[in-house]
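Some structures to go through are shown next.
Each of the next two complexes has chain A plus one more chain, namely chain B in the first and chain C in the second.
Now for the complex of A and B:
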């Protein structure tokens, strides 16, 4: 039985006037029903582009999949015709976007926007789809759903809009739900509510979730597996426990270290990863993280190593991850309570 | 919504008073050249008794504010005075001419709506294609052509040359003639009148649609599984058209009052042509009456445009208190 969703060595490049932007440059993962995959990385690491590629929402040109494949239940999405892709989109694979303030159409009622996928994919009548939309609003925790369905987006708060976006994504009962930084634009108390809602929905609907975020705390809460991305490539992959408690890649260490520490000293210094992510047009020779890595050595400039399985199910792209003495260096901050 | 409309109608009153006062100031002695009595009587010499009688009849010896009040009073009784030259009630002349202008303006607006929006949508959707270049180029040319010149060129080509060449040709003057059915007379004047605004409407539609196409909610619509066409028709256009509607509404208002050039070139028996002739002969009551009616019509059209926003954009449901 093929996996529910499989991304296989995906290379999504953008052909721009300034050069080829290798936004996604060899990413692979697979997803099983009910699984939650967390994808983490800085801005520009290729997380969102990976998600939009799965949805086939990257305009081509300038984008182009130069290599690799995306398969849904074994069938290549890339090889499908536009019509079949549309049948998956919003129906079997649905997406929640980052900014709920701008992701809803300001001129249509919330209920109509939630009903829309039902009307196109399930051929429901205006009335039935409206009733279903009210029901969905109830499910995502909007009080007085029947009334609120008649509201326009500007009458909703940010948190309510994101709930409405979730209702849109859930409308057809998708097998895969892609959440692209669903809480980034919301304030902290609302973030927790939205995450709880997503988890609750997963428990009820058995859909698989790809949770894209730069917030490691979010991933720690919800993910089964974690994929760490840097400069368009995967640098570490493993179970959430592995990645959080036994991280192998210096970039992951940097991410974990940069988390604000509430336990030590509230006025203590933050520890960001120094430097900037590299230009995706002009990647450094060898390991892309080398210029910012405190542990880099001469060999790092030589070649870029792909993901290597260090312990069963735990992969790292760092040359030295196999060296237990090297990994020990991460112990300083790993010992602390998280 | 109703309170909003009510408030807007109340706002129209000071605007109306302001405009009419302004017009009346022009009538104060010395502001504009010409003696109204001479205009009424013509150049022939008249007796001082008759002169005084005309002055009295028209209240020309009274102060301006009195004349204004008298004129307003008459206006509310449907009396706009009498034309100096034509010796007919101004109201009758306006009732006769206004429908011709309105008909021409409506035909022109329809052309603008369909041609302008269609061209704008085409060039936005097929951005950088041959069609986009064609639309951009032809709109650039159109907006820089003077209306009267375009009108005359169209007359020469489609009226005179086509006739010479034995092709089906179009009438170039007036609203009726023995040779053509009535509607054919609309073609050239309406196209001329619509030309510049069609080009602007196309450009506004294009830029608005391009902007809307980059919005997040368009991506959401695609993510629902709509086709590219559905995304643009259902989610794009309604957002993109709000400024286009504004423009077309303002343009309709402008055309109701200001089609002087087109009407003159095509000898169109409308209000613009009438105003043009009245100004030349300083036929003051016609100018004043026509401008007042135009002001009222423009205010009504602007109100309708504002109300139409509310239907297009729910964020502008005026005066409604959020729950």
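Now for the complex of A and C:
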């Protein structure tokens, strides 16, 4: 049986006046029901563009998929017509957007916005869909749901708006839920509530989740598998344990190392990754991370290596990841490693 | 070490509602409501809390970007609230500000050189040539190249812009810098660069920092002492080790337990306290202890009737809770 969702060597480029922006330049992963994939990387690494490509929400032009495919239960989403895509979007594949302040329509009542996908995809009547919306609001933990469904977005707090967004995404019981930085705009205590809610819903509905975030703590909390992205490319992929305890790629090491330690009483200097992320128009030759990498060698300028399976299920795009001596020596700093 | 900044019973209310006629009946947002703390010379005091707790307002009151409603602020021997015009300007030489958003806080029509030299222009230091020299030097100090003085902000990334914001704050050789969320708009790898820079500069220029942030891990790393704020009040204040390893106030405890740690196993094993509901409105804050509406250990009627004072508790820090008790988070659970 084909996987639930499969992204296969996706290249999404933007054709701008300044040149071709290679926002996503070769990303592959697949997703099964009940699985949570964490996608991490810095701003501009292509995380959100990958998500929007799956939803087909990238305007074309300027965007264009120049290579690769996205398949849902074996059917290519890219080959579908607009009508078929609409049947998937918001129905089988739903998305929670980053900013709960701007992604809700300010002039419609919350209840109506939650009912909208039900009216479109399930042909429910006004009345039935409204009742279902109230039920959904209850499920996402909004008290006095029947009254609050009549509120407008500005009457909700940030946490409540994010809950309403989740209710919209859940309305049709999607198979795949894409959460793009769902908690970045929220305070930590509210973030904890929302993450708990998402996990609870997943346990109930058996949907697959793609959790896009730059917060490694959030990934550690929810993800089964982790995809690390850098400059539009996947640099490491593996189970959460693999990526956190036995990371293979120098960029992943850099990310883990630059976090303030939460478990030591001595304060040392932080170890940032030096330099700046590269421009996506003008990527360095060879490995995109080379100019910032502490371990780069001549061979790194020559060619860019794709993801290679180093141990079963654990992939890295670094030339030297296969050399276990190198990996051991270089990431000896990681006391998280066992 | 001597006390550099002493804040006592500081209050800042914002009036909501408009017009002369309605002013008498208007309500006020109690953004900061009677807080006291002091900052020693050379230390870093962290102000943490969720959005709307009053941490930024406190920072702005300290250098009089906002006029406090009540209370006193002393900077060394100076009574900050009494300063007028020229003297206030002079005071602000010593107390500089680094802003959160490196995109909004730099004028897009000025070059880096002009931005960094502007404090010198305002305070009438040196000739144009001297100022340019000092600007170049300062850009070098913060890790940029002196040639960058002719470049504009849009040519640079967030991290580089924040370096310019820091250079500008340092130009007048201040004694204290108020850093308002200086790294929260930056990516983690860049965030670490800026934190290291701030630490190096603190040593080099003998600076005192008031560090405002919502990211508890960053505050833990950079601060000597930490004040945790909730709805305009300080609920816990103490050395970072005490506050992080043995928090006494239930709000601090839940705040710390809510931060996900980048370690799957520990994250799954941790005991978590998840608070219910949202922060109440500061227009009409809850009576008694302001946290009682969300508190997991609140007892009635005492918590809803009597406001707990910020008293010294077991660990040596201060906490404002009737039932303050250490809640050590064991090392392996963190």
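In the analysis below, the second predicted complex is superposed on the first by the 324 of 338 C-alpha atoms of A that agree within 3 Å, B and C clash if a C-alpha of one lies under 4 Å from a C-alpha of the other, contacts with A are read in each partner's own complex, and residues count from 1 in each chain.
We adopt the following convention: contacts are C-beta pairs under 8 Å (C-beta built on N, C-alpha and C of every residue); 3 or more make two chains touch, one makes a residue touch a chain.
This is a predicted model, so every value here is computed, not measured.
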Could you look at A:121 and tell me whether it touches chain B, chain C, both or neither (first, second, both, neither)? first
Is A:155 touching the first partner chain B, the second partner chain C, both, or neither of them? first
Contacts for A:43 in the overlay, against chain B (first) and chain C (second): which applies, first, second, both or neither? second
Which partner does A:57 reach: the first (chain B), the second (chain C), both, or neither? first
Go through the superposed model and pick first if A:94 touches only chain B, second if only chain C, both, or neither. first
What's your read, chain B or chain C touching more residues of chain A? C
Classify the contacts of A:137 with the two partner chains as first (chain B alone), second (chain C alone), both, or neither. neither
Residues on chain A touched by both chain B and chain C none
Can you list the chain C residues touching chain A in their complex? 50-51, 157, 159-160, 187-193, 195-196, 199, 214, 216-218, 220-221, 241, 245, 254-255, 257-265, 267-268, 272, 274-276, 278-279, 331, 334
Considering only the defined contacts, which chain A positions touch chain C in the complex? 42-43, 157-160, 187-193, 195-196, 214-221, 223, 240-241, 244, 254-256, 258-263, 265, 267, 269-274, 276-277, 336
Residue ranges of chain B touching chain A (in the complex, touch as defined): 215-217, 219-227, 230, 235, 238-239, 312-315, 322-323
Residues on chain A engaged by chain B in the complex (per definition of touch): 55, 57, 86-91, 94-95, 97, 99, 102-108, 116-117, 120-121, 152, 154-155, 165, 168
